[in-house]
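First chain A sits with chain B, and in the next complex the same chain sits with chain C.
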Partner chain A sequence: MANTQTAEVNAGGTTTRAHLPSNKDMWVFVLGDLVIFSSYFIIFEIYRHQQRQTFLSAQQHLSLSIGVVNTLVLLASSWFVAQSVQLTRAGEYERAMRLTVGGGLCGVVFILLKAYEWSTKIGHGLTFGSNDFFMFYYMLTGVHLFHVALGLVFLGVVFFELRNPKLRRVSMVETGATYWHMVDLLWVVIFALMYVMR
Partner chain B sequence: MTTTKARAITYVWIILSAITLVSWFLGPARVAGPAVASVPITVAVLAMAFIKARLIIGYFMEVRTAPAWLRLSTDAWLVVLWGAVLAIYLW
Partner chain C sequence: MSAVSAAPVVTENARPAWTRRPKIDQWICWWTIPIFYNLFGLIFVVLTRVMPPPRPDITPEQIVAFFETHSLTIRIGFALLMFFIGFASVANGLIALQIKRMSVSPVFAYAYIGALVVGGLPGCLLPAFAFVAGAFRPDRDPQIMVMLYDWCLLSFVGSLGCFCTQNMVLALAIFLDKNDILPKWLAYMSIWMIVTELLASPVFIFKSGPLAWNGSISFYVGTAVFVVWEFAIIRLLYVAIKNQSPTEQIQD
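Here is the complex of A and B:
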């Protein structure tokens, strides 16, 4: 097995020692990004507190169904990517590549659904300037969408890494996966705060 | 390849998707008339999102088996974020 730094599991399935997936730099970036997003989330909640009825009525204009489907799409993409990490460790590169493509395709579906969602909102006259809720809606989902796009670039790098027998570094595949799961994680928070809580 | 870890990832994915489907019935967009704030629904939604976030971090991002500093930082992030959101909501 190509991976030397993985502590991995023993035959009984119990973890023997800790393993840091990806690398420290990626995790510093992830934790930093989570903190930045969280400050936006908290500012959003403060505005919500000050304009409860405005935010609640604005939430009713969101497409809950698209929100749910998009969450399921990102969760599926994360399943693909997480399994592809397992397959890479086991040296099953072909299957790992196919699953990485599956994860990327889910990401594309997410972007298309988000574009459709935005265009219907704008079609109904709900734009960035409509009220504070929609300002946050476009800002947060927009910044998140940029992360999805960047995540697709990461998955592309992982794909070419896996395709080249001279590369195939497990840590590289883990780095792409860690970033991709962060995108999924942030969406789960955005979905709960904007679409579901009331 | 179905290792213990691969199976756990699949189970977690099923749980995450199931929790997401529950949200479908809770959002204010489901209400026909004017939406009313609901503390029980919001607390339930925040609790479910907390669980989802922790499952993603633990099983997908594999923090469950990562060094202690990472487990502690991600748990601290979860508690601070969801604690702050809940506190501001109930304030």
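Here is the complex of A and C:
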């Protein structure tokens, strides 16, 4: 990973020094956020262990197919955003902008799918207070959804900076991408814990 | 503020030496923060017993017994809080001043102070008087005691959402600031605070489990993040005051 980056930066001729993508402030956020989410996951595991039958039977109500589509949508968005970082480093700003928009649209699709999923669950009477499984379901997906919405704000800032030749900065695009990949990573863990794990 | 830095040459002999130290006014305010947070800890944890919060899922008899056992310390603790709660505004004023040094409109500083005033009422004063009223006459009808108990703890933990605005204002001010008064990572940390504060609202629904008012997620994770954030901002305020030029002009 670090090697390919160094090679690309060299090809661009801007710097010869390996560097941390984005900036240290964003990495403080990402690492801390992962610690906070890990604590939620551990608490989820403890409750799941205590009420194994409740959790397994409640899990049957989740739609694995919507979960898979959601995962694919976010993975696609991460690919768009990663490509946009490469293109920004290469100076192809027009294409980088289009891919950033693509990543953001995937985020919007993710939110719409989640809204549909929540509304069908609520329609079936499976709400926040139904049981501990659905409490964790709404809490974890809700907090993650907040991160997705915030990620759209970050991608929006990246888009407007890319659009203005005076503001274009590789580090800013990397910062947005770092955040977006974290959102993706967290979803993959939530998907595995809530939808897949039996 | 500006009077201290402008005056020293003229009145040099009339004033004690320590008052002539640059930014002594801000340093006095800064030192109140560690002292009064320790006092708040003592009041909430040792005396009034609202931290860590007692259980929401206990019987009326147990609630009456709780008030009988802790009647005296609850009243002493909240009496002390009445004297010391105002000092929170010194720390907030100090942060608001640093926001005013940023390249953002002072409206952020005003909003920061205002948001904390909004949060301080349900977060400190309303719960204090509910608990004091309970401790004042523990021989009341147990159902009334249950109401005072619920009122105090729902208000104390469930009002954390009121502090979202404070953290949003601070985060946005830091992101927009070009003077680098406070580091950007503090703005990101404030986003953690917003997330953990949002997760305090479910205490209005659950009487047990991780999202109840004594829950591992609603209370403990949120409190742990708050402690980290608080240590960071105390340290960063120290650095910000240290780096501030005594003659710097601050916008009104």
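Here is the rule we go by: the second predicted complex is superposed on the first by the 180 of 198 C-alpha atoms of A that agree within 3 Å, B and C clash if a C-alpha of one lies under 4 Å from a C-alpha of the other, contacts with A are read in each partner's own complex, and residues count from 1 in each chain.
In the analysis below, contacts are C-beta pairs under 8 Å (C-beta built on N, C-alpha and C of every residue); 3 or more make two chains touch, one makes a residue touch a chain.
In this text the structure is predicted, and so the values were computed from the model without any measurement.
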Classify the contacts of A:57 with the two partner chains as first (chain B alone), second (chain C alone), both, or neither.
first
Touch test for A:135: chain B only (first), chain C only (second), both, or neither?
second
State whether A:196 touches chain B only (first), chain C only (second), both chains, or neither.
first
In the overlay, answer first, second, both or neither for which of chain B and chain C A:33 touches.
second
After superposing on the shared chain, does chain C or chain B touch more chain A residues?
B
Take the contacts of chain A with chain B and those with chain C, and give the residues found in both.
none
Partner chain A, residues of chain B touching it in the complex:
1, 3-6, 9-10, 13, 16-17, 20-21, 23-24, 26-31, 34-38, 41-42, 45-46, 48-49, 52-53, 56-57, 59-62, 65-68, 70, 73-74, 77, 80-81, 84-85, 88-89, 91
Interface residues, chain A side, partner chain C - complex:
23-26, 28-29, 32-33, 36, 39-40, 43, 47, 128-129, 132, 135, 139, 143, 146-147, 150
Chain A-touching residues of chain C, taken from the complex the two chains share
183-185, 187-189, 191-192, 195-196, 198-199, 202, 205-206, 209-211, 216-217, 221, 225, 228
Complex interface listing, chain A residues touching chain B
7, 9, 13, 15, 18-21, 27, 31, 34-35, 38, 41-42, 45-46, 48-49, 52, 56-57, 59-65, 67-68, 71-72, 75-76, 78-79, 81-83, 85-87, 90, 92, 95, 177-178, 181-182, 184-185, 188-189, 191-193, 195-198
